[in-house]
């Protein structure tokens, strides 16, 4: 079945996006991302270390014919910082795709709805392909779609918290209302978290810490690949309804009688 | 990696068991079971319809070199009925494996801990390979293991309810204490339910209604196959811990400064 | 113990606010509000029915020496409408307190973070005492506090949905960060929902539909009164911690030995 | 309204039973139990300390005209031990009421369904008023009722775990099927846990650790008193239904129009 | 005769007419109301000083049950 | 003529009759079945050695779809 | 001298001795207790009629805080 | 000699100096970078046309691992 993910007219077979942060080594990073089958990879933008100019650039670890790069604005506390970082990112990567993060307070790493909206509005007007990271707020998601964002990326739970999808009810509403792909981002810890999102109709998920910090990143990368496929297949296959009471899976009639 | 499921010294590559009930057609049954990759198949024992002796026998739909048959005692309300049905099942199938179900009340289809224990005790003593279907009761599970049951099969939620794994805390205790395979049975609706069980360390799951009654049983069968593989892989890969607060997946240092 | 709720320097003994909507009769409304012990009452602002000028005004049902009136901007879809309605409300009630609701889409009745913020900013600058109804968004809550809102009112779940407090994790964060009272509003169905919020450290709750649409509104009003008191008392009394395993409540030592 | 709890033809105004274990002092014990309004008090049976015969007996701290004593069989691992302890308890207390606990494994403090059933059967036949502590197993509960137990006491979560009511779905089934009072026992940590049980139709709750180990036991005792009353009142008052979407609590019609 | 829009509906009136007078004319006696004239909320104290012209709009509101 | 109870229903038969013969008589050809005679399950190998008397009961079962 | 096992510990006593007397001798004054003699619970009323022999075991219990 | 602020730290340089030249001087060879001059991001193509004056600030960034 042809069932591709389409973002800004670009088609993808994989519905799993992965981050490149928090890996214990670049070798584990490359190996686990290959195992995950992801086609979209996020990176951050940071100052060049002028005292260590020999360090190998992360971009050199990947064959960019096979991957789409998605720079983020992680670390930005305001709309201005996010727009500035997006401009830098476009120069660094040559791509106009950007994952917008505006996070004013470090403790819980939750996004600022107003700052995020303002940054997205300006970047969309400048022609960027904008994927905003947001709280699972259906009204904000609708407004971001209306100004031309390419996707919405509601959080499942706080970044790196590993609490899974705590916001499923709101994400269901976002999915029902959205005309752009809904990508569940942040908090996913295990493949079942990804499956839950896709079974509910989410178009994709983004995973980083769960793979990078697993004991076996490559194994977890492949596990997420299968979990995402399982969730999407189940969504297409049409699940059974929930019921308050049970229903026998064996026939009620025709049980043999013991001697009485 | 060699990571087989072993029940009563028999090895299996698949950790998904499937039922044959509630299918809309035998064709859908066969197709979806093939798609699921299951190696263990449950059947029920019922009176032959003397007015319709031409009906094709369900056993004729499968190549039994590829599958292990697991007759159940569904429909039995007492230990006596379950033992009697197990005896009939052995004659019908030629196998001494039996899934013991003792369910006195039809509305919620919940098993009787005492009747189940008594039936299992007698059948184990007779040399049957006994897989009891039980409430997620860690003490009962331990006692059934102690009398020689081949597995324990705690329920996730009521049979056919599609409520998923509502008993995860108790199942975690059962897993921690058990020296025989723990097979989560009943209530699973979507692959994430299966993944959740396997991520927690369950050895396998049994699924019937979720596949048989899906809009596309073959698609759902394959989805469960992947979900079970994903869950097991994630269990082996070592998941990240849950945290109350977030942790950045991008570096905190080195964010470029906007002009001030 | 002196443990009063203080909003904009005004002290209250009750931590339960009640709405006046959806009552089956004004008699039930008055009776249930008295039973609830609430001291803060919300009302909506609507066009006078020129064809039915004899109708008794809702304000005439209460003795305003005993109650504080809190008009809301329910029905407003934009910041402009909310500010306009707040101006009307001040004329109608003679009070400058206002519960700000900006809800653009009717289906899920979820508030608009940006529109709500803009309306609050303008009303605070005009000298209103502003209590904003918001999604349980910790960043938005912090920003509303910073511009001078008197409280924040995060939702437990959608208005009238009766789903209780689905947003407890985010509400805990809001409570931890907030220097103004946190009032959990919307979705509460039963007293345990109110207790849960107060046990977590919320300063108050607002309830309307749960009381107005109960079979016995006066009984439910009193039930909420007790549930709110119970929750606050428990918060002050210091709850026990959660533990993964059990701890005996009876001594482990000294059990009498049966004859052996 | 006359809404008494009736156990074995004895009437009680309070639906809160309390334990006497794990208190930091006998003074805190007495004070908190008085604050809780409980009328049924549990005690354990243990060997007399022959090296400390002066110690004041716990029974001397209460006026037994006001309380009903409920000795338990805590510490018993088998039916025999529980029956033996019940015989001792009857001599010690002069009462034939007994809370039957049969707990073979110490780590999770979960009851043995078969051992509990056997002890109850023998004690009921001997004329005891038997209140069994059980896993939230609807079939076991029904069988215990059928042999003449005075109540069933399903657990909310493991004793002393403070995890609240994790077994609500099963408890709802037990309530629906039961003709004897259903008392939710174990795991309750805060008044909302008690309210949840009573709102669901449970007849009473038993609390020990949550009060005894609170920072302020008397305050927590009173909080539970109110929470239990709130839950029962709400049950009688008829709660609103849960809905997937919201319903406005203010009128949809008649919003004033801003100038256009 | 002038035509006003009152609470969204057209209404004929003798006019130009003073707002306070008009409210009395159409039978509004209760005091716990608010009035907006052409989109501007009119404080109680200034109701007398407003004159209604042809085409003017009025919003007349009161409190109702709400949550 | 004898009367048996087969799968809960009364049935006339020429008899006394050998069980294996009776199964053939009533048209049962498939082999993946089991038979209980007066409450006792009869191993395949012993079916020939059972004689049905008046009043006997039989349960004849096979596998069906179940979970 | 006889040896008893009392609450799991060995104890010497002058004996054979009457149970009620023995309880007094070891200083047990409180009444809210129960006694099991060789595994049998002794009703209050029968304590006087029990004689302790060498090797007998006693369990002497009372109520304590518990949940 | 001029003083620049480069990635937040002061640096001496011979100058005024052309930006492209300066990047080479301090040893930056890799191309997958971006530069902001006094808060403005400089497109690759325009790096040659920028002259650094005393007191100017530069931000020089590259991609790193991030989520």
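Per-chain numbering from 1; labels A, B, C, D, E, F, G and H assigned in written order.
The criterion applied here is as follows: a contact is a pair of C-beta atoms (placed from the backbone, for glycine too) under 8 Å apart; a residue touches a chain by one contact, two chains touch by 3 or more.
As the structure is a computational prediction, the values presented were derived from the model and not from experiment.
**Q** From chain A, count the fewest steps through touching chains until chain H is reached.
**A** Shortest path length, in steps: 1.
**Q** Note down the smallest number of touching-chain steps it takes to go from chain B to chain H.
**A** Shortest path length, in steps: 1.
**Q** Out of curiosity, which chains are bumping into both chain C and chain F?
**A** Of all the chains present, those in contact with both chain C and chain F are A.
**Q** In terms of C-beta pairs in contact, which of A-F and B-F ranks higher?
**A** By the number of C-beta pairs in contact, the winner is B-F.
**Q** Which chain maximises the distance between its CA centroid and that of chain B?
**A** When every chain centre is compared against chain B, the largest gap points to E.
**Q** Taking each chain's centre as the mean position of its Cα atoms, how many Å separate chain C from chain D?
**A** From the centre of chain C to the centre of chain D is 31 Å.
**Q** Let me have the rounded angstrom distance from the C-alpha centre of chain B over to the C-alpha centre of chain G, please.
**A** It comes to 55 Å between the two C-alpha centres.
**Q** Where the CA atoms of chain B average out and where those of chain E average out, how many Å apart are those spots?
**A** Centre-to-centre distance between chain B and chain E: 72 Å.
**Q** Need the CA-centroid distance for the pair chain B / chain C, whole Å please.
**A** 45
**Q** Send over the residues of chain E in touch with two or more other chains.
**A** In chain E, 7-8, 36, 39, 59, 61, 64-67 touch at least two other chains.
**Q** In chain B, what residues contact two or more other chains?
**A** In chain B, 19, 21-22, 44-47, 72, 74, 84, 88, 108, 110, 159, 163, 208-209, 212, 248-251, 254, 256, 258 touch at least two other chains.
**Q** If two chains touch, include that pair; go through all of them.
**A** Applying the touch rule to all chain pairs gives A-B, A-C, A-F, A-H, B-D, B-F, B-H, C-D, C-E, C-G, D-E, D-G.
**Q** Sort out for me which residues of chain A touch chain H in the complex.
**A** The contact residues of chain A facing chain H are 19-23, 29, 42-48, 50, 53, 57-60, 69, 71-72, 74, 84, 87-93, 159, 206, 208-209, 212.
**Q** Quick one: which bits of chain G touch chain D in the complex? Just the residue numbers, please.
**A** Against chain D, chain G makes touches at 6-9, 26-30, 32-36, 39, 41-44, 59-67.
**Q** Can you list the chain A residues touching chain F in their complex?
**A** 248-251, 254, 256-259
**Q** For a test of understanding, state which residues of chain A touch chain C in their complex under the given definition.
**A** Touching chain C: residues 104-105, 108, 110-114, 117, 135, 137-140, 142-143, 157, 163, 166, 169, 173, 177 of chain A.
**Q** How about chain C: which of its residues touch chain D in the complex?
**A** 19, 21-22, 44-47, 49, 72, 74-76, 80-81, 84-85, 88, 106-110, 158-163, 186, 189-193, 195-196, 199, 208-210, 212-217, 219-220, 222-227, 229-231, 233-234, 236-256, 258
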